[in-house]
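The data blocks that follow each hold one structure.
Next come two complexes built around chain A: one with chain B, the other with chain C.
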Partner chain A sequence: MATSSVQVKNRKQHAIKFKKGTLTYDNFYIYLLMVLPVLILYMVFKIIPSLSSFYFSLTDFNGITTNFTFLGMKNYVNLFQERHFIEAMSNTIYFSILVTVLQNTLGLLAAIGLNQALKSKNILRTVLFSPALINAIVVAYIWSYIFDFNGPLNTVLKKLGFIDEMKTWLGDESFALYGVVIAHVWRFIGYTAVIYLANLQSIPHEVIEASEIDGANSWKRFWRIIFPLLAPSTTINVLLAFSGTMQVFDIIYGLTNGGPGYSTEMMATYIVREITNNQVGYAAAMGIILFFFTLLFNGIVYTFLRKREANYE
Partner chain B sequence: MVKRSFLGATVLVLASSIFLSACGSNNEGSGGNASEKAAGTNAPSANKQVTLTVFSHKAGSEAGALPDLIKKFETENPDIKIDYEATSTGSGYHDALKAKFAGGEGPDVYMNGNSEIEKVFAKSGDIANMSDRPWASELGDAVKALAQSTSEDKKVYGAPIELSGLGMFFNTDVLEKNGLQIPKNWEEFLAACEKLKQAGVTPIVMGNKTGWSAAVFADLTVFQNNTDTTAAQVESGELTMDAWYGPALKKIQQLSQSGYINGEQSLGMEFSDAAISEYLKGNSAFMIGGTWMISQLSQANKDFKFVFGAAPVNDSGNAKVNIIYGTGWWVNAKSKQLDAANTFVDWFMKDENLSQYVKSQSAFSPLVNGTSTDDQHAAPFAAALKNGDVIQPYIPSGKYNIDFWTPETKMIPLLIANKNANPEDITKEMQVARDKAVNK
Partner chain C sequence: MKTSTYSKIGIEIVMIACTAIIFYPIIMILMISVKTNSEASSSPLSFPSEFVFQNYVDAFQKMNYMNVFTNSVTLTAISTIAGVLLYALAAYGIARAKRWKWLFRSFYLLFIIGQVLPSQTSLPPLIFIMRELHLMNSIPGVSLIIIGGGTSLAILLLCGFINTVPMALEESAKIDGAGPLQIFSKITLRLMVPPIMTLVILNVVAVWNDFMTPLLFLPGKSARTIPLEVFYFKGEYITSWNLLFAALILSMIPLLVVFFFLQRYIISGLMSGAVK
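On to the complex of A and B.
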């Protein structure tokens, strides 16, 4: 492994730049100093609790006293034998996939619509984005009212003749999960659309005009030119939607509290229930599983989307 | 490319770890086992004023008569000054309490229900045994049993200062219009429900969004008809969940299948708001609830005619009410003002003082001859309490942390809504909960 003279020269130049004592913008240490406060906060509030979480997952820690017993992998063995935890895992994955697909499809459509030369586009953009600014619990109350027995959904559907009798939508095991999906997508559709919109506006007009001259129709233009060029925003939107929904808690808590039965129970709601029941060690084991699950699924999605991005670069 | 991949991987890990750090952040301990050192006791002397730190979850208007009582105490006990600090339960009271004890700065006296925290504190020697205090012998039997459930050795660690209760609301207007009296037992209850249903009235309103009404109704039915149930029987497995809860769940199924409950509609209602609104419409006769809901109903509609009493789910004898350990005073065993702390609690537990607090909370006195709220809506409940018609609920031994509440609140609402559940499924789930805790 011979080192070329050019490489040695480059290293020497860097060595001079990284010289201690002078805090200039060329100095590596100035950047380290700038990052340090955030790094310390991140270590204290994120890394250390995360590592301690892993340790507690091997114990019967109750969250009150430090007098606990080391159990080894027993918590992990027990939780995989728990039927409702497995149910919560599958609900979480199903919920994440549904929300990610719907949120991105509808968000993209909204972004394309808002990218047109409409007079009211600024107002429409604000209206579409505003649900993202509302607290999840408030969103849950809004949709609880919509889905209520005496709520507007029943009134409208009955007037239009779609239903004969009023229905408690969120009390229906076969519908409740979709109800939560609708509320969650409604909340974040504007957020997703804004990211797509920024990407849409960065596509050079020349590219679109060239495709028009070449005779591409609207569909071909979208599918062959625009959509591939939206790869970076697709990656961001899909990852954000997926990782956010894998850890969903607040909207579930407000809308259904995981019910009826276990039909909308998610991993996060299950974990919180165990914590409130003072089974913190057990809950920590669930948290670790959720972490690796999120990492695994996001890893798969990220790898796929990055490959797709690279193909269009 | 490598940089981008690294950046991407970093983002992935960070995004995935949000929940993980939340799990690990609740790691404040209480300071571990009881210290061997004896707690210092500085008796209040005439010359030196001691300051007693009192931590409570009654903040703002919730405090009721507490501020006045503290002033009265300080006037009558000039040697003791109270440093009162309050945080509502919604603002992290329990976390603050645990953190104070963990940091060795536990208050001299604190307020709380008889919760898991107290069970742990009793075991670790953080709270004082108050079995020998003068007021302990004045507690009613059912109250004493609740107070003794803090520890396996059945000692009284906390001073219960208010009782609330569970039972049933009766819309006397609706009952009167249909020529009905308040039912006294299961048979009369069923007959009343049928008559009301025929008259186009929904007999029972429940709020089961979180499953509360359903679980409480089941518990009331179980405990009124299984008087000899002991924790030992349940924990040893001698009493199966099917034998214990099965009959009560079949009764609930009967009510549900007969159309006496606002079945599926109850799944979209919370017991503490939407169910009350529905009940206030006056189209139903019965609602499961607690004593604290009395003021909610009367404040919402002063003309609404109702009373609160025992749920008539008993097969025989008198219908009984279920009392709940509302809240109590707990003394820090390691307090340097132990004598002053005991003086405060003993003073507070005298009926002349306690009654002021109890009335301000619209609650009931834990003392046998104590003075309770005089709200006429609660008259049937008070009468049952006075007669000793009180349920002896299931009190866990303290050895295991069995979570019956989750399967009850998850599954019984489905039974009520005539959904995909039957009594056997529910008792099976409860058995799993028992086995999970006992075989852990």
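On to the complex of A and C.
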């Protein structure tokens, strides 16, 4: 693809030199000129780096000097023997599934609540949505305070008598991942709810009234009528949550930095760590695995959701 | 649906209570941010006994607020304004090219491929490229990464829209002798305002809150953006939660203020972006 952008460049010069007077509506070059700036930026800062990741992943490139040696598949062999990387892969997929399920369940509940004839509907929607606009580092710090040894969670739990001894929640290997899940889901409940809400509001009243006349109770009505009609927004929300969390980085970096041990290490945080350690070749190999990993899992989720949507139509 | 007045009030109360619980962390940091350091650690959940607004003054100075704010605004503005103009131009070119359509069709496919490339896959070589181009710590330089990385979604969104715009308007302008650039700037660009607004909102929220790109490409102290400064702030003032929370509030304010005034557009913008 790199050659095509060079060809394009040559054509551009050619066009300006010889056909300057003919840049008219039907001229082919004017459209090329329009596409060119974005094409160059996209090639230089997205496609070329992504493609060269394939190449660098076969080397011991350190990102600074170009006298690297070719290693073949060694980086990949090492990666799959490294227990911590396997752990990061399983953490990532576990985190994605947990977040997707929780975020959608809570978001849908909130949307159903907001869809009632409430007086405070608009203000509630605004308030619920606002965490989605706070940056992940701020969210991470808010929750690292909540989970802190002297933080509100310990204080409240102790006062209510649920725990005898206070603990540093995020220092607990068996809890840390759930802590990050809570913080992440907290940020996006409102966003998810708003997407469900728009879909709920598009369901015609007649459909619901008809089911009422047929004697369906509200439980049946939800699962048989409303939930299937929410298929489009479910697809969007599940895909957004799932593909977003497969590359989760900042909230982890701010909240636990992958610790304690490797209990919250994700693929993306691992990659950035290796880059900052100047293990760029190794990081590139991880990046390639992340690419196939997201392609595979997003593909599975996407196919499943599409099939499900088609069934309901 | 007929629901009794009691259950209506009940639902309303439950919803308000749930929302309050969800929003409580923000109220909490707001209250701690005006406490003294000792009160913040001794009674974190109480209402502040006195309001220490000095925390905000201190946080403002210690996080070098004007500097990081300017950096964030510059990064967001350059990548959004330049990006959206270039995307619109490219999308128009792709959708309206008359000859060599297969070439533009393949550009389109090439642009769409980026949707499945995780940003971390391009990161390792990108570090090297940015060093070689001497664009490290350069805010305009980092804007180029952001523009390049945002291409896929933008082209998808804008091309999808242009294809629904009838050619008749453009044809008549053409008969009047307007060139493609004129037609683009006088007619199509104006029709494209709705998807462009969606794109602007998506981009502003994403770039303003972006942490990974500045972390890797703007490591210098004077080039830090707000999220990056907040990140380092905790390391330096780990023991003073009141000061940290004042800094967090200061960092949240700009976008939340904008949101408060433009919330209808922002919510619908983020949503129509999500649908694509």
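Convention: the second predicted complex is superposed on the first by the 269 of 313 C-alpha atoms of A that agree within 3 Å, B and C clash if a C-alpha of one lies under 4 Å from a C-alpha of the other, contacts with A are read in each partner's own complex, and residues count from 1 in each chain.
Here, a residue touches a chain if its C-beta (ideal position, glycine included) is under 8 Å from a C-beta of that chain, and two chains touch if they have at least 3 such contacts.
Model, not experiment: these values are computed from the prediction.
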item	value
When chain B and chain C are modelled together on chain A, clash or fit	clash
First, second, both or neither for A:Ala193, with chain B first and chain C second	neither
Touching partner for A:Phe56 - first (chain B), second (chain C), both, neither	both
Of chain C and chain B, partner touching more chain A residues	C
First, second, both or neither for A:Arg306, with chain B first and chain C second	first
First (chain B), second (chain C), both or neither touched by A:Asn67	first
Contacts of A:Phe291 with chain B and chain C, given as first, second, both or neither	both
First, second, both or neither for A:Val127, with chain B first and chain C second	second
Contacts of A:Glu173 with chain B and chain C, given as first, second, both or neither	first
Which superposed partner A:Asn277 touches (first chain B, second chain C, both, neither)	first
Partner chain in contact with A:Ala111 - chain B first, chain C second, else both or neither	neither
Identified clashing stretch of chain B versus chain C [91-99, 127-135 or 307-315]	91-99
Overlapping contact positions on chain A, where the chain C interface meets the chain B interface	45-50, 52-53, 56, 61, 63-64, 240, 246-247, 268, 271, 275, 280, 283-284, 286-288, 290-291, 294-295, 298
Chain A residues touching chain C - in the complex, by the definition given at the top	1, 23-28, 30-35, 37-39, 41-50, 52-53, 56, 61, 63-64, 110, 113-114, 116-120, 124-138, 141-143, 145-146, 150-152, 155-156, 186, 189-191, 194-195, 198, 208, 212, 236, 240, 246-247, 249-250, 253-254, 267-268, 271-272, 275-276, 280-281, 283-284, 286-288, 290-291, 294-295, 298
Contact footprint of chain A on chain C as seen in their complex	1, 3, 8, 11-12, 14-16, 18-19, 22-23, 25-26, 28-29, 41, 44-45, 86-87, 89-90, 92-94, 96-100, 104, 107, 110-111, 113-114, 116-129, 131, 144-145, 147-149, 151, 155, 174, 178-181, 183-184, 205, 208-209, 211-212, 215-216, 226-227, 230-231, 234, 241, 244-245, 248, 251-252, 255-256, 259-260, 263, 266-267, 270-271, 274-275
Sites on chain B touched by chain A in the complex	4-5, 8-9, 11-13, 15-27, 29-33, 98, 116-117, 120-121, 123-124, 209-211, 264-268, 274, 401, 403, 406, 410-411, 413-414, 417, 419-421, 432, 436, 440
In the complex with chain B, residue positions of chain A that touch it	45-54, 56-57, 60-67, 78, 82-83, 144, 147-149, 167-173, 239-240, 243, 246-247, 256-262, 268, 271, 273, 275, 277-280, 283-284, 286-288, 290-292, 294-295, 298-299, 302, 306
